[in-house]
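Here's a structure for you.
Each chain gets a letter, A, B, C and D, in the order it is written, and its residues are counted from 1.
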């Protein structure tokens, strides 16, 4: 594990700045013989595209596979996926060269590295998540061989809570039908309306993404430090806008008694950091997009406070676009644990 | 990172089963020249002891340093800390050999490894956290050289919410004065009373632990996958009973608008996964101890459901004992990032 | 460390098959602020080109930097270098689809992965070393900041031993003047003649590459398992055709007495796996190119023995082309240890 | 991989100074269900003992297993093996506190870490190899399940070359019968005589250790950077006194033509870094023990040259004691690759 390398056996090296020549990833350790095509990756990138969410910039990302796949199947060698940046307008960011945008990593990256690519946030841009989605496509294919399916959705957006899988109105098929990735047809319209309103105010919204993993056999996850939930938690918090994560009953368990919680979690998918064979459920909280049109106070390089209003087309809410990224990150963790589970016994 | 090895540069290998001969850890990569004594470690283990919490078993842990320290200072070689198990009563667990205790890792470990040490949960026992506390003691000494201090406390116990640092009644000095690790003198009595009540019902309680990191310079944390908050999240969820974690505004940010959240998080200690130089604050949720005296339904090896009542002395609430473990895990993550920050620039 | 990822802090992920779309590498962990240009990389790739060695195929490799460099300096983000394959003639290899070439990895890769890209050896081709040369270019720039220089040369070719640095006739400047990378003007002609002769016989030749590292400060190398010489040894043996490596006095030390060896190695550059501050010297042995025109016996997929004669343009001796690869691999190890040395003390 | 942690899946953390309280290792990642006893480890430590070699100090090492084994079988949790130091006489080293012994790591460790444990070389002592032998015992048990056997022997000592497996006089059974670990009864007497002579001169001797691995299936070793021979080379050079290593035909291949070498290596056990299924053979060169009674020039802390004569009981030749260490290191590499081979295909 390092800044840009993820995983022990299914290892992803991601690269690329928002306004540089290209972004992509190299997957080292994907088993040989797995069917994988550009279409598999395109589908995931397509799901990550802005779609109908108001205000998002258009990203028409065309991936290419540069290595690791031969005659439609993986070779066991590194799989390289690349997406060339096109249509980025770096001039949009000239004004921000000496300013640290509120809620963004501008200041911290400069503090750490002494310099930064200010154009669109450089590597700290949300655009880096396309590498995750691309790598996740391969992980999903590997998981599919074992019947493991990872599905995420918007479980709350702009304050509008959506039904959970046990509740009426929840429909898995609906998720991919609407651009907000809400699991309930009735929820779409209200959310669209609410987001429009927020956008008109020059503001942005946050929300929750929930994820359900089905088909995972018992025994995934490593004991003690590298627990399944520990790795999933890191996976979620590594997504730029994520501020928290909870598993199963989550924070509510802190208020329960042992007898209640033992019952409530009797069908919990993870115990002691290892999968039980039952469904795994978790929820991640995403803060609102910090880039807003509304004037804000920002610090500049000289330490002065300046008022800025962020130009360009920005997502009013990144939650729907986080959905495939949450899935991808969960799939990458599971793929790694699936391989690790092969060496647990003599 | 692996099941029992943590960290990239400040690497901790932990070992030991609850009822085996010994537990301990080996720290590889601790810089040379750091003052470290058995007393430093004893202090952290002492803080992890049950203290006055009703029902906890006594653990009188005497650590020894077997390597890596010479004439009171680290050598740059592996530091080995060991604690021999004494006074454990393995016979207490004979009845549980073929039963999977609810809420424990009994079933999942057996599913994974094909076998388990059933005595006290073996390595999945909460007792393994003493290795973390021991390693954390060394990490804290390293952090202290840079003025970094990690402090955690019980921010909610058995449903009783405690004041936060900005609120009246919060007193850092109080935390170590009471066995519940609550930060407010007035909160102690009510919580003690509530826990007694729960214990009399043969039940247990959960709670929240909050953590404040002060003195961290800007620039700690690695970009993209190995963000400071991502690593801290993994660190928290790797503690057995932890079910969720949130940073700064946390889940509440999902309900805010961008303008609100940018303001609320203007003094947030982490941006883009890298420390800002300001205080870092996070909260972890802990479920109630699953071991309760109250009769419960449990599955046995043959798949039959049996009623069990867990004997032995168990913590009615592990939250106070999780406090030093949260600190230790945060300190270990920070120590690693502190070393990594030395190589960020040419 | 994994199949295609090298290094702890200066981490190189390499990718690409000989006849796939592209080869390249991603460097994660290169410190920010280092000057790096395409020209730096081109120079190293140019040195790896066949030059005047008879029989080598032409490889006109044009690298591009896709990420990690902004305004001429590294950002601290992953540096991606890519070289598109052009002019490869995959049809040349159709005959070899079901045959395992002697001395090549054809059989073992298929045994391991169940399949292989037979075109030019796929990823087991010597062509993968261009990724190493490219990454090495960045490592060399980092080392140069500390005054560390890595120079390799052909110290024996086709049985013709060349003078060593202490001997008359050795001239560092000569190395880059001749395509054989021999360090002695007088040695060139005889070697060229000898190679021509061997080539006319449809055969190939091996040789030795020696390497001298100057300017390395005392203290590089990690103790016990990850010693400087251990890592350099792995680096050498990871180059396909390498069959052995020796440091300083090397195998000759096995015949010496302690008093002799202590004297002989009194200026040895590595003691206990850590650099002394003096020059470091080692030699690696390379076997002859296994691809020869002469008819040979080969095993096919059905286990039958068949006579083959390998077509295409192959190097009669890869030793001169191994010279920059040896340098690159040594530079990558040193760059990693240079960064690691920053965290040895408190 | 780090200073004191070895392996990707079968991970060994080693610890301990020569004159500290204890040495040992923790194995994380050994599969569950493997039979392992203290006796298995004792046997390997016993083989590493000085035996009848003149001049060696006595080390009566009693290992204990502190974790990871339950009812005679591994649990899948970390296996901790410890050996307490007894009978060391630290006062012997008081004179050497401010002197850097020739050929030892005294100077380099101090240069790196700023300080060192001067007593017996601290962690740079050859005594650390007992940790390797102990861990190797577990690795050998794992390999045995797959029919893989690793055997090493003294193939040259004090300049006396021993027969190779293809030559007359070579006898595997002889190796463990004599304290010099030579594979030929006739060779023992001459070598003993030669070593006595060298010892009487106050000097020491070097030699070669060869190793044969039988029963390894095709497919062990990772491609490109982490080749089987690359890892074995690092394993050898990580042993303090090792100065070189060669595989199969080795350095001799540099003098051969391709047609000769292809024939000579037709039964070579490694191609392209991956095992072929045939026997694997390699040889490592060991320099003479640098600690000799004969007066030598040494540098002290102030940079002055002083004459020293090293007291205490030192091995006149460490080669026989290196034999089990070579086996252990090879076994550890193979065990790791054996586990890695389980994830090469989908």
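Some notes on this structure:
In this section, a residue touches a chain if its C-beta (ideal position, glycine included) is under 8 Å from a C-beta of that chain, and two chains touch if they have at least 3 such contacts.
What you see is a predicted model, and the numbers here were worked out from it, not measured in a lab.
The most distant chain from chain B is C, comparing centres defined as mean Cα coordinates.
Taking A-D and B-D together, the chain pair joined by more C-beta contacts is B-D. If you average the CA atoms of chain B and of chain D, the two centres end up 39 Å from each other. Distance from the chain A centre to the chain D centre is 47 Å, each centre being the mean of its Cα atoms. Shared interface positions of chain B, defined as residues touching 2 or more other chains, are 2-5, 8, 14, 29, 32-33, 76-77, 109, 112-114, 123, 223, 344-345. Taken together, the chain B residues at the contact with chain D in this complex read 2-5, 11, 13-17, 20-24, 26, 28-29, 32-33, 64-68, 70, 73, 75-80, 82, 109, 112-117, 122-123. If you check the complex, the residues on chain D that touch chain C are 1-6, 8, 14, 102-105, 107-109, 111-114, 123-124, 128, 156, 159, 198, 201, 203-208, 218-219, 221-227, 229-238, 240, 242-251, 253-262, 265-266, 270-277, 285-292, 294, 296, 341, 344-345. Remark: chain C residues 8-9, 29, 31-34, 74, 76-77, 142, 145, 223, 339, 342-346 touch chain B in the complex.
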